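In what follows, subunit A forms one complex with subunit B and a second complex with subunit C.
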Partner chain A sequence: MATWNLLGTATVSGTSTTAITFSSIDQSYKDLCIIGSLTDVTGSSGYAPITWLMKTAAGGAMSLGGGYMEMSYNSLTPSSTQFASASSTISYINSADSTSGNSPIYFYCYDYSSTTVAKNFYLFHGTTGRSPYLAASSFRMHKWLFNDGSNSPLGTIDVRTSQANLQAGSTLSLYGIEG
Partner chain B sequence: MSKKLVIDIAAGTEELVDLTDEELAEIAAGAAEAKTQREAEEAAATQAATDAAAGKAKLKELGLTDDQIAALVG
Partner chain C sequence: MADYEVIASGSVDASAPVTINITSIPGTFKHLLFSLNSASTLSSGSYSDLLIMRFNGDTGSNYNRARQYKYDSASGAGTQDRGEDSSMGVAFTRIPTRHSGQSTKSFAHTNICIPAYSDTVFTKGVLIDHLNPYSYNFPTTGQASGIGSFIGVGGWNNTAAITSIQISSYEGLVTGTSGCGFAVNTSYVLSGLA
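This part shows the complex of A and B:
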């Protein structure tokens, strides 16, 4: 049975934090998982984009290929998007407003430390406290493959909001999962 | 100044540091990319809804009931 080990937790305080970085990630586990909840400080549009960047231990950006499906925009029909190559992927979080909702985040990366096996990650995010019939993205499910022929281990994960800053109390916890 | 919260797993430390100019530029680029994606997805969703409504109207003109249309296309 897999054992989950808490490697670190980032909890935002104050109002000036734009990004969360997990660096120098321990390479002794097979998989990685991030669980948490993020909220943006502004409420202008009701939601804010969050950019996810994967980097090697040396800080080099890792290219991705993949896509996502989502339910949103008052539509019963899910939409999907694919990218042959991307430098990052975007998820959406709630902005702090009268809904007081937050945005659960689930990230799971398989074989992040391997130098021989291709790496994949799944990312699920959504919004709470908000009607799914509003324009804010209800939920999105990503699957991405690392476009990395050299199979470099994943060493750093950057999570950045590109609209404003993260609300105090936003938190992400990183777990290492033994194979 | 915008900052990033760096959790160094190996060192077990937590530090709030200023974002570099390069990171700020990447964030600005990310915002532009997100806006473009969002607008494209919203336009596609709007067009799909318009097409669906037009298609259902056409089926009704052909004599199908609302229940029959719903059974066919939801």
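This part shows the complex of A and C:
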């Protein structure tokens, strides 16, 4: 029976934290999961971009390809986007300057420690709160699937705001799941 | 405390309860995962019922949601919308019924992630992933081929720790349709993550 094991929790205090980084990730599990919620201290139109940077256990950057389904502010039609190659991906979180909510996040990676299986990353997240919806301009929801085809084990996950800093109370938990 | 524990689980009998009420959720975990397999006993009128998910017994207009969905077999783009200041909770999505001619084997499946449920810093946000069964066409016949897909993000405008969850049938609770509630074998599992 698969069991979940907490590998680490990072909770932001103060107003000067730019990133949450899980490095030297324990390679003794099969899958990884990250659950949490994030908010930026400032942003544009009520949301702020964050980047997800993956590195191999050896420290090299991964080459990520993939795509996402998106629901964004005033559009009534769902959209999707794909990209062939990037070193990081961008998603969006609430910004505390103009919204009252936070951004729930669920991330899952199968076979992250394998040396024979390409890495698939699933990411589901969105912005919440009363003000983003009323503003009709600042809510976002993304469902991503991206991958790195090198078969290299995943060693570092860096979640970094490119807007300002993360709001105190922002938190991410990393779990290792036994096969 | 293990890093992953089942906090509560259960299934519905033939009494068709309007609400599944999970109470006394301990604050000792960090995140919650909720899994629900559900259908409604609604037997006439609409071919679908709606889920309502509320927290801590709050029936006020304190919920918001954004969702993408497609519930029929027709090709083409789905729909997305948003709602704010709603009393209908965060998981406002369709589930199959026991309308005349409907299979009693049809259940919708819902996974809900509730990060930082025990924190008191931010208002609460949830992620909802929901599928209706094959051969269930909302809202016209309930029987055409197709599968209903729904993903959504919801929020509760309250920073309090979540201590109870109420899952309700819209037709039973709001419309007040007599005898309408969750169908027998509707089941759920609530898990806590350290």
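In the analysis below, the second predicted complex is superposed on the first by the 152 of 179 C-alpha atoms of A that agree within 3 Å, B and C clash if a C-alpha of one lies under 4 Å from a C-alpha of the other, contacts with A are read in each partner's own complex, and residues count from 1 in each chain.
Just so it is clear, a residue touches a chain if its C-beta (ideal position, glycine included) is under 8 Å from a C-beta of that chain, and two chains touch if they have at least 3 such contacts.
Predicted, not measured: the structure shown is a model, and the values here were computed from it.
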Quiz item: Looking at the overlay, what does A:Ser103 touch: subunit B (first), subunit C (second), both, or neither?
Solution: second
Self-check item: Which superposed partner A:Ile90 touches (first subunit B, second subunit C, both, neither)
Solution: first
Exercise. Based on the superposed arrangement, let me know which partner A:Pro49 touches: subunit B (first), subunit C (second), both, or neither?
Key: first
Quiz item: Taking the superposition as given, does A:Ser162 touch the first partner, subunit B, the second, subunit C, both, or neither?
Solution: first
Quiz prompt | Partner chain(s) touched by A:His125 [first = subunit B, second = subunit C, both, neither] | solution = second
Quiz item: First (subunit B), second (subunit C), both or neither: which does A:Ile35 touch?
Solution: second
Practice problem: Kindly classify A:Thr21 by the partners it touches after superposition: subunit B alone (first), subunit C alone (second), both, or neither? | Solution: first
Quiz item: Of the two partner chains, subunit B (first) and subunit C (second), which one does A:Gly66 touch, if any: first, second, both, or neither?
Solution: neither
Exercise. Please indicate which partner A:Gly8 is in contact with in the superposed arrangement: first for subunit B, second for subunit C, both, or neither.
Key: first
Self-check item: subunit B and subunit C footprints on subunit A, overlapping residues
Solution: 9, 75-77
Quiz prompt | Of all residues in subunit A, those that touch subunit C in their complex | solution = 3-6, 9, 35-37, 39, 69, 71, 75-78, 100-106, 124-130, 133-134, 136, 139, 141, 143, 167-169, 171, 173, 175
Exercise. Flag every residue of subunit B that touches subunit A in the complex, lowest number first.
Key: 1-12, 14, 16, 19, 23, 26-28, 30-31, 33-34, 37-38, 41-42, 44-46, 48-49, 52, 74
Quiz item: Considering the complex alone, what residue numbers of subunit A touch subunit B?
Solution: 7-10, 12, 16-26, 49, 51, 53, 72-73, 75-77, 79, 81, 88, 90, 135, 158, 160, 162-163, 165, 174
Quiz prompt | Of subunit C, residues touching subunit A in the complex | solution = 2-4, 30-31, 64, 66-68, 77-85, 113-116, 119, 121-127, 129, 151-155, 157, 193-194
